[in-house]
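Naming follows writing order (A, B, C, D and E), and every chain is counted from residue 1.
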Amino acid sequence: MTTDSFVCERLTKSFAHGPDAAPAVDDVSFTLGTGRSFGIVGESGAGKSTLLKCLVGLLPADGGRVTYEGQDVGRMSRQEMRAYRRRVQLVLQDPYTSLPVNATVAQALEEPLAIHRLGSSQDRRARILRALESVSLAQRTLDRGIRTLSGGQRQRVAIARALVLDPQTLLLDEPVSALDVSVRAQVLNVLIDLQEERGLGYVVVSHDLNVIKILADEVAVMLKGRFVEQGSATQVLYSPRHEYSQLLVSVAPSVERSLENRAQRERPAVAGTV
Amino acid sequence: MTADVGTRAPATSPAGTTAPRRHPVVRWWRRQSALLLTGYGVVLATAALAFLVPLLAPEDAGRVDPGRAYLPPLSDGHLLGTDQIGRDLLLRVADGLRASLLISGSAVAAAICIGLLVGLVAGYYGGAVETVLMRLTDVQMALPFIVLAVMILSIAEPSYVSLTLVLCLAVWPAYARAVRSSTRLEKDANYVQGIKILGGGNLRVLRKYLLPAALAPLAVLAVLDMAALILFEATLGFLGIGSPPDSPSLGSIMADGKQFITSAWWISVIPGLVTFAAILGINLVGVALRERKGQS
Amino acid sequence: MLRSIARRVGQTVVVLLGVATLVFFALRLIPGDPARVIAPTSSPEVQAEVRRSLGLDQPLGVQYLTYLRDLVTGDFGTSYFFDGSTLGLIGDALPYTLYLVVTALVLGMLVSMPLGALAARHRRAVTDRAVLGFSIVAQSTPNFLIALVGITLVASALSLPTVGYVGPVSLVLPSIALAVSLVGLLTQSIRNNLVTTLDGSLTEALRSRGASVWQIILRHGARLSAVSVTNLLGVQLGFLLGGAVVIEYIFNYPGLGLLTLNAVLRRDYPLIQAITITTALVFVLLNLVIDLSHGYLDPRMRPTRRRPARAPRATATVATAGGSAA
Amino acid sequence: MTAQPAAGTGALLDRPRERDPLLAVTGLTTSFPDGDGGRVQALDDVSFTVQAGRTVGIVGESGSGKSVLLRSILGLIDPPGVVERGDVVFEGVSLTQSSEAALRRIRGRDISTVFQNPAGALNPVVKVGDQFVEAVRLHERVSRPAAYERALALVTDVGFDDAAALMATRPYELSSGVVQRILIAMALVHGPKLILADEPTTNLDVTVEAQILDAIARIQVEYSTTVIIVSHDMGVVSQVSDEIVVMYAGRIVEHGETADVLTRPAHPYTRALIESVPTGRITAGTRLPTIPGTPPDLSRLGPGCAFAERCAYATDRCVTQTPPLVPGTHTLRACHNPLEAVAP
Amino acid sequence: QDMAVAPADAAPPAEPEGKVTFLSAENLSGDWDPFDHTILAQDRLQRAAYETLVRVDEDGEFQPGLALTWENVAPTTWRLGLREGVTFHDGTPMTAEDVKASIEYVSSPEVAWSLAFPRPFTADVVDDHTVDIHTGEPFAPMPGLLATGAAGVVAPSELIEAGTLDEKFVGTGPYRWVSYESEAKGVHLTVNEDYWGEEPKIKDYVFRYVGDSQTRLAALRSGQADIIDRVEPHQVADVESDPRLAITRTPTVESKWLAFRAAKPPMDNPLLRQAIAHAINVPQIVEVVLQGSGTVNTSYFSPSHEFHSDSPTFPTYDPERARELLAEAGYPGGEGLRTLDLMVSVGFYPMTKEYGEVIVQNLADVGIDAKLTTLETARYNQGLFDPEMGDLYDHGWFLGSYDANSVMMSLFGNALVTSVNDPDVDAALAAQMAALDGAERRRLIDDRLMPALNESMLEFPMFTSELITAYSRNVRDLEVPPTSYHRIEDAFLAK
């Protein structure tokens, strides 16, 4: 019965208060089984990042409740929160800004261990190397400055930093959207490997349907803070029901469809203003 | 599939045989702007004057001997001549320069400390704490500096300490503001959020990340302020309320000598030029550093 | 809008109160007895009488409250040394300092605007380097050196007045001396701000629409630089007011600076208090005006700003130029 | 209206020689100092032609020189960057030889642009309408009201009903998608012959992206404008372009008809690029083919093919000799060991 | 005293005309009570508006001022016969009442100038134009005192009683008050059309404080000023090279003193004080530092003082003697002696900081460790009368009179600066004051007062200053006597 990791009930979060201030996250509910992956698609400003931050307790929710393995995230003591952080980690949206640029890779990877006062220096080294290995980075990368790394490498360091703590669930905010196509594939593969090797649970946020397709078992479509459609990945992505989901799926540019269209000499028309 | 990123470190990559690798010093040299190099040159020269000359001095800088007063520059044994009571001008200027540099340097250092403390706390915690601290800096900024300086120095015995304090008062609010605004930006920065997600607490974030982040942009400010403070200090000396007579700084040497501008020009013109050079050199470095920061 | 103005005005009042308090206590904590300055050779009894007549025998708290009450009623006290109210003395001197500072300011702008624009237009070229070099030299030159050179070399050659105020011609030397370092700082600031505009995507876009660089500088650069340049002016104003002390001393110019110097040297507490508070008032008010002008110069800084329905991804940081806490 | 060659084999190669291209770029080479005494070779010997009425897509990863190429065409490379060699001929006039004044007359009138970051392309604090009027009056002596009327018509034309209200707002008050469409309208104001669009949809939502791409496609038809569209997204480029140019490390590695490039790439890099974008019915756990390594540092390029160290087919020759861009079976490609020659 | 030579073509105008601006090195107080300040500059200015009872001419002889006669009618009573037909600027006639009120006011302890007066000091009105002054002991220096600075001037009795003297000058002098708008604009006086004496030849007189010598000189050169005060010695060459300018150098009656704070150890040791006096190379200070602008003292009285003569035991520069005295004082080679504080003023007297540094060096040469502190004028004035302030205090002191008695009285009798009285000195001082016979007084000064002063060495008068005044050649007949009271009413402007 308790195979659910996250249970999110009627979660609401607003930044602005006033008559016409719409909440960034509006009445969102979902349940995530342990080791399962949940994908959230939605346009910019839909509230995806805000939702993730509520899930890790970085932002307090205004209404509703988030529990992780039965524990209410909003009511954790400092101690509980520290323990929670070791089990649930969030990899932030932009690899160019989410790591301290002045640190070396080794320093960045040591930080979580130092914060949680884990392990001897030997231990730490081993854990760091293991994490590095899992994201397919060479050991000698450790001595390099974050500043000198490319986006793909940075994103992998960011993932490794979350892995050092051996979490059970990883929250990924746009894990590849800042990366070049060729690097994108590398990072996605790393994430797939990790899930298989470690049995990690993912909550993945992206506006790119392909990313969701590759990483998620279950998918929610988010629009203006709300989940407008929720279901299995195949159902939502290949036979969407909600109008907005359909639009999303239909307009995503793809080589494949271009070739089809080219053959048919027509393109999908999009109406309406932005 | 392990991407071997290590071999791509640009500095060690032997890619291509186009240009032979130059000596690191040469490469460093070529990277610097002419402005910066000129600045370094002037600063080095003034620093040598301030710190090296006294070491080589044959006599105490304060040696008074009216019997040899008013010797023009290039006189025997007195490269820059002597002043109105026969002190060697070279030694005296060196002394004054050292005092000026030390005073303004320690004032800037003190201001940075205060500014960091106030700015970090205000910027990070926000709210009422921020309001109070920022109003305090506003108050300090609204107080006309010279009035404050003249007031304090005419009362407290003029000494290096009181001068340093006064100069520090003049600049700390600027640091507090700069630190506060950088901290306000930085505390919401992604990487700080990242540390919090890892479980890092406020103190850790402040100490390990926000402090260094706030410090970095202060470097240029500090260099430029150092120049500004030498100027301030010279101004105070000029008004006759600068450093104590037995350990003069450039401003007071200049003020003492200014009455001889027509009869023995060197007594004031030389310290004037040295003051100008010290300020200019530091400003050159500051502006060049600012320019380089701006480009990156 | 009105509310935010009220807020800023409220803040200004708080700052002024802080200034008043600080000055009061700073002056009382200082060792030094005005009674001895006023009646140096008199007997202790006489000096005690002097102290009593000045209210200095009262407990500090009482003195402070009296002082605040007087301030609020516009009574800034009577000078120990000069007849009449301190406000009267300041009122006589302040216009002269304002002539001087404003002239220096205008002079500084007149020189630095074209220079800064020229340097930005030819950024990284010889012209730019030359302007930068000049501006650093200007920034590094002590104003009293310029004043002295002016007095000893220039004044008699051009028969310019060197003492006091005999008419606008008296402003020539002092305002030049005061303006030089301002020119240095302002030129660099204008140049750097324009360069930021010119190196940005806006310029690329405008040029690819067929605009020339001068058109971009004049139509867009000026507008976009205005906020940070006026901010700098606000800060520099403090330094100009400070610089006026030396300059007024050297030229024996009948402004606030000279009054200040003499008041401090004589421990004229009421006068020092009044000067400090009025100078702070002038400074704070001018900065208030500058702050409020920012709403006009850059609508993004208007307090009641219409938020975009959806914030664009790459919103530029708006308040880079260290405005005070909003 | 658009001359649409049949989606056939090597149509680009069959292009009749006598037809004058609208734009001909030959041997364009642009570099910047790297701050360390050396130079960043941002463009290296780039040549291609664009026929009137065609839409050419340029793809390449970040830093491959796409933006520099567009800027070099417009003569917008400022010192310390230099266009070292090469020529850009637009309608028979060499832009590289033209004076700045002559270029200014062409920019915005004959060749207009749409940029990646819409927010940065307008002055955030000046009303949209005023900036529009400015754009008109840069090239035509018309009264402000007349210019304004023109602008209004165009903004309505790109799909805004409330054009007048929009003209009274300032760009910072608008979303990027709206601004981008306004910029497209602005690009059309002088009826340009060529539009250069640099990543016009990057950073926009997919739904907005679709609208923008649609707008570009419509313009191309309605105004019969030639378009060069730059993107790092093969999907975007494939949707709107007739031809695709693939860039890598400042060089063109392949150039051909869209269908040819997509279905029969000759260069290993092109193929890798296409493959790394998922296609088909993918599900959770689908692994994608990857290109090992990272793009090279442009300031340390030696001779040889820049892709050689990441290329599975590289031979010794690839490391020592720079492959020229020459016609292959279906496309122009710069490769010593094109995929067409290798076993399928 | 040399004067600018007026070319033959210049003659005084028939009517007063023109304006002169005088720039003073010392500030004015802003409080115009003529008696209640010790500011020399103000004293000099108010001499144009207020007149003294007795006057001193160029040769140092006493001449009638507001008093036509003065005589001892009894050993402790001086009788003054007053001039008739004199009116104050406010139109009221000057009477014996005014003289009595002025004398009693200025000698009352709460007024600054009382430091020059012996006590008791009272006045009686004999008739409208006759006043008697009573002193406790016979008082020989009476005419000298009445000719001195504020001591002898007369102000209207109503204003003294009303306490409104401080608002503006209301005297009987050749110039009357016009305005004082601000310190930077100075005091403006104009001709008193009803003056009883010869009418001045210059119509307007502006007197203004400009603290910086450079600025003063620049103003003179640019024509903004006509006369400037306290030209620095090294500026003399500059002025002399300018054909439009003239200069006058006046040895004054002012000594520069080095006061010893004799109330506290180790300065309570007269041998140490003598050692210090011998250690200072005064000739070099005058010669080199002051560039000859001054005279090395040979006595407690300046050469311009009445009763001056060289004093054989007056200390001269002699480092050997200084070392001996230091050893005798119990500090051989300076051993056991703490660092002494030497205080000098800056911003007013020329070259004070410089000679302060020379003194420190001189003392170091005989083994005495001293530290120099400079004080800006206000603080210096405040510290001067504070016995806790420093060990050695440099100051100037003179009361604008040829008779040195007032100076001796204030410095030694009232111990203003040293705060210590020496019984021998006090007795000698009293004795010469009471000696109404001139020859007897001279003998008492030479044989009793001087040795006592040399012995006690409470203050060391190092040298007599020189006052250097520069002015435009348009100003003719300007004379600056040793008392420094220049008479602007005697000068005129050439066209």
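Some observations on this one:
The definition used in the following text is that contacts are C-beta pairs under 8 Å (C-beta built on N, C-alpha and C of every residue); 3 or more make two chains touch, one makes a residue touch a chain.
Just so you know, these numbers come straight off a predicted model, no measurement behind them.
Shared contact partners of chain B and chain D, listed by label: A, C. Counting only chains that touch, the fewest steps needed to get from chain A to chain E is 2. Between chain A and chain C the centroid-to-centroid distance comes to 52 Å (mean Cα coordinates, whole Å). In whole angstrom, the spacing between the mean C-alpha positions of chain C and chain E is 43. Once the centre of each chain is set as its mean CA position, chain B and chain E turn out to be 48 Å apart.
Shared contact sites, meaning residues of chain D that touch two or more other chains, fall at 175, 290, 294. Each of residues 1, 3, 5, 10, 154, 258, 261-262 in chain B touches at least two other chains. For chain C, residues that reach two or more other chains under the stated contact definition are 32, 148, 152, 249, 265, 310, 313.
Note for the complex: chain A touches chain D at residues 37, 43-44, 150, 152-153, 180-186, 188-189, 192, 195-196, 207, 209-210, 213-217, 233-234, 238, 247-248, 251-259, 261-263, 267-270, 272-274. Across the interface of their complex, chain C is touched by residues 34-35, 130-131, 134-136, 138-139, 141-148, 150-152, 154-155, 174, 177-178, 181, 185, 227, 231, 234-235, 238-239, 258, 261-262, 272, 275-276, 279-280, 283-284, 287, 294 of chain B.
Across the complex, chain E meets chain B through its residues 213-214, 232, 234-235, 237-238, 281, 284-285, 287-289, 346-347, 351, 353-358, 360-361, 371-374, 376, 378-379. Across the complex, chain C is touched by residues 71, 74, 76, 79-80, 100, 104-109, 111-113, 115, 117-126, 134-135, 138-139, 170, 172-176, 179, 183, 186, 196, 203 of chain D. By the touch rule above, chain D contacts chain B in their complex via residues 35-38, 290, 292-294, 296-297, 300-302.
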